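Each structure below is given as structure tokens.
First chain A sits with chain B, and in the next complex the same chain sits with chain C.
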Partner chain A sequence: MKRTGFLAVALVVALFWSLVPIYWFCRMAFLTPLEIQHYPWPLIPHAPNPAAFYNIFGFRYVLSGNLVSPASGQAAQIIRGLKDSFLVSLIVMVVTLAITLPLAYMFARMEFRYKNSLLFAILFAVALPPVSTLIPFYAMYVRLGLAGTLSGLVIVDLTLTVPFVTWMLIGYFRNLPPIERLAWMDGYGRLAAFVRLVLPLARSGVAVAAVIAFLFAWNEFTYALVLVNGTTANTLPTAVSGFLHQYPEPGNLAASVLITIVPPALVAYFLQRHVSEMNLVDPVR
Partner chain B sequence: MARIELQQLHKTFGSLAAVQELGLEIAEGEFLVLLGPSGCGKTTTLNMIAGLEAPTSGRVLFDGRDVTKVLAYHRNVAMVFQSSLLYPHLSARRNIETSLRHSGLGRADRDRRIADVVRMLEIDPLLDKLPSQLSGGERQRVATAKAIVREPAAFLLDEPLSALDAALRLSLRSEIANLQKRLGTTTVLVTHDQIEAMTMGDRIAVMSNGRLEQIGTPDQIYNDPATLFVAGFLGAPPMNLIAGEVEAGCFRGIGFSLPVTAPTGPATLGVRPQDVRVVASEVQGALVARVFALEHLGRESVLIVEADKSTKLRVLVPPSFGARVGERLFLAADPERCLLFGAEGMRLPLHPAVPG
Partner chain C sequence: MASERILPLQSAEEAVATGRRRRALSDTEFALAFGVPVLVFLVLVVAYPLGYAVWMSLHRIMFFGGYRSTFVGLRNFERVLVDAGFWWSSWVTVRLTAEAVVLTMLIGLGLALMLNRTRAARGLTRTLVFLPWCVSTYGAGLMFAYLARGQTGLGTSIAYALGYSQPVDLMTSGLVIEVLAVGAAWTMAPLVAFFLLANLQTIPKRLYDLAALDQLSPLETFWHVTLPPLRYTLFVFASIVTVLTMKLFDFVFVMTGGGPGTASATLTYQIYKISFENLDLGYGAAMSFYLLFLIIASTLLLYLVWGRREVLR
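So, the complex of A and B:
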């Protein structure tokens, strides 16, 4: 009895913690600036309008009473940010997988010289606070002409996703049953066994690694702010942060935040099955 | 079918010598069991026969041909791994099919072979299930089918029964032995279970610490052990081993002596529980001991006695035998059935053959 009581309290706190900010942004996104300023604030918009979603993509919206909600000054940044964020995140995801899957598999299944030192190097890369490499990267990028480019951003994102995802996948691969031995007996080579048999078996791990890399690149803010913001390359988080420097447009800000949340939320929703599978199926059989 | 020879096989992992100076020959169609405690190098040996691990030195020969550098698949051997390992994400049918993937056989031939093993092992209803949906025994069957379907030159079985419960082990034991005899395929089975080894093997190779202790028929291994290790490892209840010394043509240990003709020095006397009798009174060389426990096994009982604080001996007695704990008893061993082992654990002859 007592336990379920605690559980209920914890559940309410967790729901409150995670849902209230989203609710608040939803509410703001569907209100006009005038309604937002109104006191007491309406808890639910009584005449929700999608004006902000038009505005942030550069369209005017005519409200009832012939009021015009003009296009946002950030619109160009938001559109570019959306495009660039998708591009960067997808590339980071694909490259991260291409590097980490074979790398982690080797660490998990093969013996070679300096293996432990190399493992430590990976762990060290995970442990390093990302901000500490910000200035060196910036200085280097200016010289190399990579500042303000998407490829520069992809490279920086990879320096963070690769060690982290590798570390995560090593443990996962270690727990897979030793089917490569079966595969060798069946006439597969090392590479063929990995590609045709181990990877399909490890699809949960691959999916989770992909999600982590994608979300990481999608949400990355600090590097993007310093390395590419204000240039023609731009990601969504920095585009949204641009609202800070404008005439206040809380409705547009809220709408931008919501569209920023949607892709990761979808990704997480569709792949959560794999995340849970990764823990449940301890495949030692 | 193949004749397999191992010559001077060594395998080291870092500084650990897993297999040392291993040489043995497996005849065509023979069922050889590699028996030993865990970590004795038996699985490493099997992996070297399979081609999954390369020996540090030495050679593996199939039918006289050196295959030491030949890849696992091209040795044409099939292996059943520990816990009947299968591809977890493939159905039983796909698992079996994978064995023939690189065989170069046509579709019709493959289907015929698969149909044959399916019928032989009666696994038809299991074919569309995933390994996780199969019971331990069913998985074992599917893994066996996957091995047989290749019609390999040799079967290698790595503790195929160890993950199963006792009743299932009992029935699958005879099934594997029966199948092996029907197919007549050279088979090497690795186990740490002496009963599995005794019941299934044509010959048993006992290993310990990476070395071959003895190879022989179950009968030879049991009745004529070459080393102290083999004597102690096989037999349930285990052989009684009495530490002592040979002096002036007589073995002496814990208030007990036996005339032998062996060189003077420390030695161990071994005698199986069935070769010790409880005698009425103090006869020449009898051993005085106190009853420690009496275990009823149904068909017989095991009497455990304490000869001194550190030495417990086991004696097989008829089920009608009664004894109180603490009671004093006299024991006599059949001198013809006693085995003597020297300080290094090597067997010594009790009575060296007199020339002429």
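So, the complex of A and C:
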């Protein structure tokens, strides 16, 4: 009985910790223009006002008393950003999986020369700070005509996701039972055994790797700011950052940050059931 | 798992090879077929910018009065060492990282232990607790900027609710690094909790029954049953969180902009300022190599003082 009580308290504390910053923005998004003019803002909006969510998508909203909340000038960028971010994140997710699945399997289950040095080369790529590669990337992209293009952004995102996801998946593949040997005995080749047997068995690890790759690309801001911002290719994070300079509209800023959370949150909800099957251990040992 | 590694894969493959069927791809061939394209990709995409950064760090690059670059050898690296701003930023980075790593690991462990026990509304609870991880670091930076500032902050709201009428500003030069560390821990703790939870699920229930039979206290049970299988993962994630915090840029950029003054100017922020505002590209590149060195040195240090013991265990 005492333990259940303790657990309940822990649960409440954990939920508070996780949700207060998000609630802070929810509240900001729903404040009325009048409430926003007076600090401090009320903890709970008295009359929740959904105008910001209309405004950021380019619709005006008529408040009570015939006040009109105008469509945001940033709406075009937000919509384009949503579209581009989806496209980039999906492509990055698919390509990351196509690259890292065989690679991680290779490191987890096979013995070959230079294995450890190759592994450390990949981990080195994880340690590389984006600020030190920003300018070289920009210079290279201008030369190659990739600056301001979505394909350029996909390539940069891949340099972040491939090393990280590989690192994560190696441990996962290592823990799978070695059933592919049975397949070899039945005459399957390496490739066929991998595609038909190992991948279906590892589907929960594959799913989690997919979410991580998607999230990395969806939330990438530093490279996007330098490489594609201000061009026709524009991802959601850079579109949202446009609100930073419009100080009087914190409601729109809050609403646009909140919509960036929705797609990954949905993905996380549908994939959390795989957590109990996951067993990830570090590959370097 | 260790026993699984002992079975040599090579022999199984040879057994197939001696069979009637056509010989399958060998390990090396498989590694060549999949590894080489990836390595070419990594070399092209990572080594080229790295080489370019080395080139920049050895030159003095000027934009004003026409672009020109002159070779200056190691002078940029020498300049960094006598730059007071660099040493201040290094201290800020180390302090932020130490605080963020400790907070992230403790909170991550706490969340994982709680989630492991929670039965009610399991899917929903897990998703809500993992939600901060879905918020991008720049989004989190915005949230914590509003939470910490005097006008819009949590502190002020609580103070007013308690009847005080003085705004509480947490973004002061004395506290701003701690606020950044809490924010960083908020975004990263769910990732740690996620992996620790996966590890917790592998601890056999039987061990807890035995611990109950031995009448171990909850603390002893935690120490002798729950913790040992987590220790290695804890070490790995301490390293990952160290690397991620030292690389953190957009979070600091949107939350504090290095301020107030230079109170939260981390190395990443300092390099950004030198390269993109002062346009002193060679100097910025040189400083970024010191950051890379700091990242590698601190993960190595973690390995030497902690990780090595866990690997041998």
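The rule we apply is simple: the second predicted complex is superposed on the first by the 259 of 285 C-alpha atoms of A that agree within 3 Å, B and C clash if a C-alpha of one lies under 4 Å from a C-alpha of the other, contacts with A are read in each partner's own complex, and residues count from 1 in each chain.
Here is the rule we use: a contact is a pair of C-beta atoms (placed from the backbone, for glycine too) under 8 Å apart; a residue touches a chain by one contact, two chains touch by 3 or more.
Bear in mind the structure is a predicted one, so any value in this text is a computation, not a measurement.
**Student:** Please name the chain, chain B or chain C, that touches the greater number of residues in chain A.
**Tutor:** Per-residue touch count on chain A favours C.
**Student:** Touch check for A:Gly187: first (chain B), second (chain C), both, or neither?
**Tutor:** In the superposition, A:Gly187 touches chain B and chain C alike.
**Student:** Regarding the shared-chain residue A:Arg113, is it in contact with chain B (first), chain C (second), both, or neither?
**Tutor:** In the superposition, A:Arg113 contacts chain C only.
**Student:** Under the stated touch criterion, which partner chain does A:Pro178 make contact with: chain B (first), chain C (second), both, or neither?
**Tutor:** both
**Student:** For A:Phe16 in the superposed arrangement: first (chain B), second (chain C), both or neither?
**Tutor:** Once the two structures are laid over each other on A, A:Phe16 reaches no partner at all.
**Student:** Let me test your reading of the model: by the given contact rule, A:Ala127 touches which partner, first (chain B), second (chain C), both or neither?
**Tutor:** second
**Student:** Please indicate which partner A:Ser241 is in contact with in the superposed arrangement: first for chain B, second for chain C, both, or neither.
**Tutor:** Only chain C; A:Ser241 stays clear of chain B.
**Student:** Which chain A residues are contacted by chain C in one complex and by chain B in the other?
**Tutor:** Common interface on chain A, chain B vs chain C: 177-178, 181, 184-185, 187-188, 285.
**Student:** Could you please specify the touching residues of chain A with respect to chain C in the complex?
**Tutor:** Touching chain C: residues 7, 10-11, 14-15, 17-22, 24-25, 28, 39-41, 43, 99, 102-103, 106, 109-113, 118, 121-122, 125-137, 139-140, 155-156, 158-159, 162-163, 174-175, 177-178, 181, 184-185, 187-191, 215, 218-222, 225-226, 237, 240-241, 244, 250, 253, 257, 260-261, 264-265, 268-269, 272-273, 275-276, 278-282, 285 of chain A.
**Student:** Please name which positions on chain B make contact with chain A in the complex.
**Tutor:** Those residues of chain B that touch chain A are 50-52, 71-73, 77-79, 81, 83, 85-89, 98-99, 101-103, 131-132.
**Student:** Taking the touch rule as given, give the residues of chain A at its contact with chain B in the complex, in rising order.
**Tutor:** 177-179, 181-182, 184-188, 197, 200-201, 203, 283, 285
**Student:** Report the residues of chain C in contact with chain A in the complex, numbered from low to high.
**Tutor:** Those in contact with chain A are residues 1, 4-5, 7, 9-10, 12-13, 15-16, 19, 21-22, 24-25, 27-28, 30-31, 34-35, 38-39, 41-42, 45-46, 48-53, 56, 107, 110-111, 114, 117-118, 123, 125-140, 142-144, 146-147, 151-152, 154, 156-157, 160-161, 167, 186, 190, 194-195, 197-199, 201-202, 232-233, 236, 243, 246-247, 249-250, 254, 268, 271-272, 275-276, 281, 284-285, 288-289, 291-292, 295-296, 299, 311.
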